[in-house]
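Just below sit the structures, each encoded as structure tokens.
After this come two complexes, each holding chain A, first together with chain B and then together with chain C.
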Partner chain A sequence: MSRAALLVLADGRFPAGGHAHSGGAEAAVKAGRISGAASLADFCRGRLQTAGSVAAALAAAAALGIDPVALDRAADARTPSPALRVAARKLGRQLMRAARATWPSAELDALAREFPKGAHQPVVLGLAARAAGLGPVDAAYCAAYESVSGPATATVRLLSLDPFDATGVLARLAPETDRVVDRAVEAARRVVDEGVDALPAGSAPLLEIGAEIHAGWPVRLFAS
Partner chain B sequence: MHLDHDHTHDGPGAVSADALRPDGGRRALRIGLGGPVGSGKTATVAALCRALRDELSLAVVTNDIYTREDAEFLLREAVLPPERITAVETGACPHTAIRDDISANLEAVEDLEDAVGPLDLVLVESGGDNLTATFSKGLVDAQIFVIDVAGGDDIPRKGGPGVTTADLLVVNKTDLAPYVGSDLARMAADAKAQRAELPVVFQSLRSEPGVADVAAWVRAQLAAWAAGA
Partner chain C sequence: MNSSGVRSVATIVARDDGRGGTALPVLESDGPLALRRTRGSGAEARVMLVGAMSGPLGGDHFTVRARVEEGARLSVGSAAATIALPGQTKGEARYDVRLDVADQAELHWLPEQLISAQGSDLYVTTRIELAATARLVLREEQVLGRVGEEPGRLTSRLTVRVAGQAVLDQELACGPGAPGGWDGPAVLAGHRAVGQLIVVRPEFAAEPVPARALGEGASVVPLAGPAALVTAVAPDALRLRRLLDEALASLVRM
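Here is the complex of A and B:
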């Protein structure tokens, strides 16, 4: 295993489509829930503990070799908003393309055949980590970090927020991210014996509602 | 890089610039149109569709920055049936979607081929951007950079990747030159200096021959693509 592969996969410039998505930040900015660094931190903390923790557990389970079709179904069950399901599958499809080109793998090919229009992004992320020779902890870190780095980057563009402040928010969330990853990997290991019901099911209703409203806007900067 | 060459025909889709579709057929030629905001990219795409739609099977991908205006303009003008036009959302960074992270555009192109194919030609229109925006070779086979005389006649002299390296440079709205004080001869000389042998077309879509020169260039690209060049 190469630890440097983790840097490739976690790099915000990894060409997997994330740049066009705000992780709910655009809807939250419009609704006044994000207006500066402090409220960005609150938003990110909420997303990390809900969608982020679910994504991290899904990614870790996929990296452990759990059946990705079962994980994809579990992801659907944990994503009430149709708009967010669409976004997750779009991003999963884009990540699939980038991962297959970067780390060719029979498992990724099989998942692409199973889901030609895309599986849930965290599931693809876990398999991509596996193809890169990384483990469940690495996969969970990628998913958990992405759950907050996306909204932070988007908020810099949406509010012209000072980029140093946005990066500071991410840095201060690091210890919390560590704990989310620990719990996610623990849950993923339980899935081996107990099945996908051992995955967390944290939910943030405002993220789901905001995504539905956002999907109906005629004018927006981000796809989700 | 091209993972699918060893695969059977039911394998997963191509990765990026592969010349063959997953079913083994040759994919459509992809031509990108980039250039600054308001230079006439969408108008050129519309004119190209009108000029070529009776002889070719074609489709268009637009990359709007924050709306669906460009796609809706093409729909309103009815230059192609709606199922042949699709819009990609670019998250405030149009150049990222055509150069650094092309996955959403590749998917749009492939979905069009699946839905209305086989296609001869897909036009990929960038969101209006700056002079450094160029298309990745993983996304398009050739690119057109569209500037206009009203944007300042010093743009060819300023150069930049779009002006210097695009396979075709289009200087649009030549009919406006007398009104904005642009010197077409100077623009042509500067473009020649920047581009050496690469072609330049001066056009006005408001008078004859309109888009004919650009359409002829597209036909030549298609002939070369069909010949397997």
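Here is the complex of A and C:
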């Protein structure tokens, strides 16, 4: 395994389209629920523990070689908002293009054929990690970190928040991110014996509701 | 799990009586879970869940099972809100609901709110298995704390399967000791009442409901399957119910 491959996959400049999405931050800023570094930290913590933990477990399970079609269905059941399902599949398709070009793999090819409109992004992420010679822990770290780095970067643009403050938020979430990853990998390993019901299912009502409100805006800075 | 808690399992079986109505061959109350048949309407049998004692307390484990057999129609409500309270001992309480709805059968599961009182610790699981042509209306409402009170710890997992395929699997955890951020801007943002309403109908497979937001605190969405989900947050139980009633009325009209 190459540790450097993890840096390539986790790099914000990896051309997978993530910069166009705010992870719900744009809707939360508009509603006045994110107004500075403190509320951004609270937002990110909630997202990490819900959508982030689910994404981390899905990515870890895909990296372990669990059937990606079953994982994609499990992702659908854990994503009631159709706006968020569409966003996850768009991101999955973009990541798929970048990953196939970077780490050609028969498993990625097969998943791309199965889901021409894109599979859920964390599932693609897990398979991309696998293709890059990385393991479930690496995949879970990428997914968990992305669940908070996206909103933090977006909030810098939305609120003109000081980038140092945004990065400080991410740094202070690091110990909690470690714990989320540990639990996600543990759950992913249970999926091997127990099936996808062993995946976490943390939900965040305001992320779900906010995504539908956001999808109805005529003009937005971010796609989701 | 504390062995000194109360274990209680109540069971309902609803069956097409062959004369255009629904019979209840099994209606088993148990300890604090008391079931009463009340007057139904048309083909539907109606059951009221009556809390004969308060609860669940820490260490208790309650289970309610209902099976609606082919062609039967059952509606279940509760006489009052369920209040999760702290027990004598520190153990977690569990409340499990298991619902099975066969082809051509219909279940309306519309209990009153679950109130998480300060110091309580409750884990609720609701698992619903529906056959391909089964129909369901289910409401779940959680109120975090009685008036002016901090909530207890409450975790609720809701899983709905249609023809063996999960269409919804969600877990909401809140209160002291829940994973961080539960009261923050991504999850509840200070709202003290949260609820879901799920409507499953075979027709939704071909004609899914259009997704829409209902104001700032609720949305109606089509799930990946023949189902629609309403998610709502509100400052209190009354306003939550108003949102869910409004959403249900709009879904029934469709």
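The rule we apply is simple: the second predicted complex is superposed on the first by the 224 of 224 C-alpha atoms of A that agree within 3 Å, B and C clash if a C-alpha of one lies under 4 Å from a C-alpha of the other, contacts with A are read in each partner's own complex, and residues count from 1 in each chain.
We take it that contacts are C-beta pairs under 8 Å (C-beta built on N, C-alpha and C of every residue); 3 or more make two chains touch, one makes a residue touch a chain.
What you see is a predicted model, and the numbers here were worked out from it, not measured in a lab.
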| message | If we overlay the two complexes on their shared chain A, which of chain B and chain C does A:94 touch? Say first, second, both or neither. | response | first
| request: Go through the superposed model and pick first if A:198 touches only chain B, second if only chain C, both, or neither. | output: neither
| field | First, second, both or neither for A:8, with chain B first and chain C second | value | neither
| Can A:219 be said to touch chain B (first), chain C (second), both, or neither? | first
| message | I want to verify the contact counts: of chain B and chain C, which reaches more residues of chain A? | response | C
| request: For A:113, select first, second, both or neither according to whether it touches chain B, chain C, the two together, or no partner. | output: first
| task | Have a look at where A:70 lands relative to chain B and chain C in the superposition and call it first, second, both or neither. | result | neither
| message | If I apply the document's touch criterion, which positions on chain A are contacted by chain B in one structure and by chain C in the other? | response | none
| remark: Residue set of chain C touching chain A in the complex reads 157, 159, 165-173, 179-182, 184-189, 194, 211-213, 216-219, 221-224, 229, 231-233
| remark: The residues of chain A that touch chain C in their complex are 24, 28, 31, 33-34, 39, 42-50, 53, 73-74, 76-83, 85, 176, 196-197, 200-209, 212-213, 215-216
| note | Note: in the complex, chain A contacts chain B through residues 13, 15-22, 90, 93-94, 97-98, 100-101, 104, 109, 112-113, 116, 154, 157, 218-223
| request: Please name which positions on chain B make contact with chain A in the complex. | output: 1, 3, 7, 10-13, 15-16, 65-68, 89-93, 96-97, 100-104, 106-107
